[in-house]
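Below, chain A partners chain B and then partners chain C, in two separate complexes.
Presenting the complex of A and B:
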């Protein structure tokens, strides 16, 4: 009797504590919102020079940088995903040599900073030619695209590998036992499923790629952060250009996560189409039972 | 009678040090239904999986229609052998129709329309003519397994292998799958089944193969086996079922 009362009051205590923690969280979140929101309103109303913000000079320079970043992102993104799929396939290759090379690739590009890789490509590579003999004039943007591609292909490759190993072995076995070659089974059966499994991780990585373009300021790519640095040192006004920087990065990253969400929904063959199918199959089951 | 359709000739297989198949001799005639039974771990599934080389053997030979499967191209062998698994293994990103039409389309290079017409026929044959557009997620276990049977039939195999195809099903769904297999038997399909459904084994099997510890211990006509088995092991096995 006594133990029962104990355990009941114990459960009650836990539930009370749960509710208290929830309330505490709400208060903390609301406090955070008020503090940050207040700070933001204060900055936007006292620190930002709106005439400067809208001036064609500044807007124009940010627009130019934005277009350049967008182009670098689109090209590096397409290249890094395509190359990343190859890296992922290399990681699961049954050939030992391919597997080891892919592993080494991933270890190197994940294990060293992107900044180091950019320096190697931007400063190091041209020095492999005799002075003045390097054939490419404007090396900064190509170097940026190569660096971002090689770096992010390593992450995409790992996402693809994870996506492939999450596909049950029975899928490969079923495809092979129909008489498909290993390559055909991978292409038709395993990879479409691996792609869906890997999509969230790949999307995550591509958003990081967008933000990584901010590092390109150190290899003389006239991207968004370098425009900020110019304007800040000319006008001695950090907050006005920072508003531009924030809005422009969010414009790319938020549309990118919308795109990833859309792709995820499209490849969600399980639940969307599944629900209607389940409803109709439920009725046909009943028919079958009667028959 | 002509050559047997499937013939095991002194087959030995090891998993590491374990001798999982020991000197198997077995001949399966065309249009015959052979049911392989025996305790768990006796090598039934392994025996089945050697026919389409999902498992490789160490010694001996397996012939399909007179040709050694070891010497032939593995993909060609598998196109002639339909296999259905315990866990269905349907492709979740394809509809029922897509699952059945995939191999004929991609391997045979059949035009989309022809492959899908044929797939519709096969789904009809397994009683799922009204579920062609459903995805595996939306189908019951019994329905999924029937799609898997249709998928295996799509390559017009010479022999069908069934590896405990009802073991993962809720009891009330077993019947619909067994009905389909019975239909195939009636149509003269050559089949090798591994199953724990003894009533079904007796009903649909022409012959029973009893395995124990990697060996074939008795091969007998179905009725004879269940009435009065020839071997002591057979009697023991049946008595444990009761």
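Presenting the complex of A and C:
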């Protein structure tokens, strides 16, 4: 840092000075804030119909959609993380068959759009039965959960695999040399560290899962965007329901990033700042090399 | 060295930027005009501007495709349909204008028209009061009925059976509105599933996700004719005493119109005259028989 401030005499001129660049950044950020803030205030004061915004009819419909989205998110999230761990373990399997199948799974579900997968499950699968014979009557929500789970398990699986390969080989070797089987070493030594490595990527993916529920509008799940579209097409007023949409999604995604931050802090037992630091390091030898 | 004489990359970019800014200003000007006109209903100022922008150019028609037999593509991708043929007769033959169809979603179609994304809407659109607050309609060019499609031999045998059932509709359509009316009639005891396109609702009927589809009779008739096991719900509806009415249950009677922005009166009059002319000279009947001959 200190050596860089000396470089103002160099060829880069004023743009190479740390302080100038920092101030420039502040000006740009403040300008951005003022522009966006101004636009927001203008929209909120001229475009939003507050009587409509607060009307219990609309609030009730958004609340219903919100609860439905929360339920879908909780179930798909738990399922996709559990299933994703299996996919990740499959990816690092020493068996060629398991590894290839897991790889194929990831390639397919990461390589095709979620929208396509939802259409296959919601419109395609029931057509395997004769007309009107498909046994599950309210298929939209189960189809949504299956689609979100299969899709996000692929991403979680890749995050887990990345987390595992970031654990130094020495960890596995040391555990094996103590007489542990490969499975035991994975479970007791490698996975706890891999989990910590993968947590940020998994959390990121789960937040994307929340936003992906907006696609469910096309398979007639009465979620948040569907309520917006219905109100917009009846009232011909986009901004008022859009305020609801924005607040509701942020309510879920922001509390999820809090949760992920908390989990990351909890699992950060390698460093002093970890709040469970002493407790965990006492009972486990896994925090050896990295700091 | 050469910086002063030949335009270098930076100057080129500046020029581009200026051009872009000018173009942007042009767009925004157009939008501003559109908005102003939309808001000030009675004002009538800036009419000339609005018309001038798109008048001599191709008429862009907003339409939610597919909605067979009004607008749909065949296997070769050609656009066909009653609306398409009427557009050909009205805009090309009668008014001598170029036209093209632009695909758009039905639930945002009126907002798109008022944002000047296209000049008119031809999308089997029913004339109703809510819509007429936002747009002006041409004279009606088609009569339709909201009807109920069910599976043959399914749970729904008459209108009363719909209570407690789940029905499929297309989002933003008068079919959805008819379903909502039915829902209030049953004190909320009717579940409505709204699909982006009518084909989604038809799929849902075949897939046992909905017990019935509420939609315009002509479109539903095409689907019922093409699909085994799908029939109209029988019963005496609102149109029972009309001669030309279908013989199955009708929930509402509706008329289709071409929608215009509210500042586009002059063009709307021209189109009304053209519609009258094709009814006069038999073109309309020819087109009608092509799609709806009994």
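Everything below uses one rule, namely that the second predicted complex is superposed on the first by the 256 of 291 C-alpha atoms of A that agree within 3 Å, B and C clash if a C-alpha of one lies under 4 Å from a C-alpha of the other, contacts with A are read in each partner's own complex, and residues count from 1 in each chain.
Here is the rule we go by: a residue touches a chain if its C-beta (ideal position, glycine included) is under 8 Å from a C-beta of that chain, and two chains touch if they have at least 3 such contacts.
On a predicted model such as this, the values are computed, not experimentally measured, just so you know.
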First (chain B), second (chain C), both or neither touched by A:236: second
Partner chain in contact with A:218 - chain B first, chain C second, else both or neither: second
First, second, both or neither for A:192, with chain B first and chain C second: first
First (chain B), second (chain C), both or neither touched by A:133: second
Which of chain B and chain C A:226 touches, first, second, both or neither: second
Contacts of A:174 with chain B and chain C, given as first, second, both or neither: first
Chain B - residues contacting chain A, complex: 52, 54, 75-79, 81, 83, 85, 87, 89-93, 102-103, 106-107, 127, 130-131, 133-135, 137-140, 143, 148, 151-152, 155, 176
In the complex with chain B, residue positions of chain A that touch it: 168, 170-171, 173-181, 184, 188-189, 192-193, 196, 267, 269-271, 273-278, 280-281, 284-285, 288
Chain A-facing residues of chain C, complex: 107-108, 110-111, 130, 133-134, 151, 154, 166, 168, 171-172, 193-196, 200, 203-209, 227-230
Interface residues, chain A side, partner chain C - complex: 123, 126-127, 129, 131-140, 217-220, 222, 226, 229-230, 232-234, 236, 238
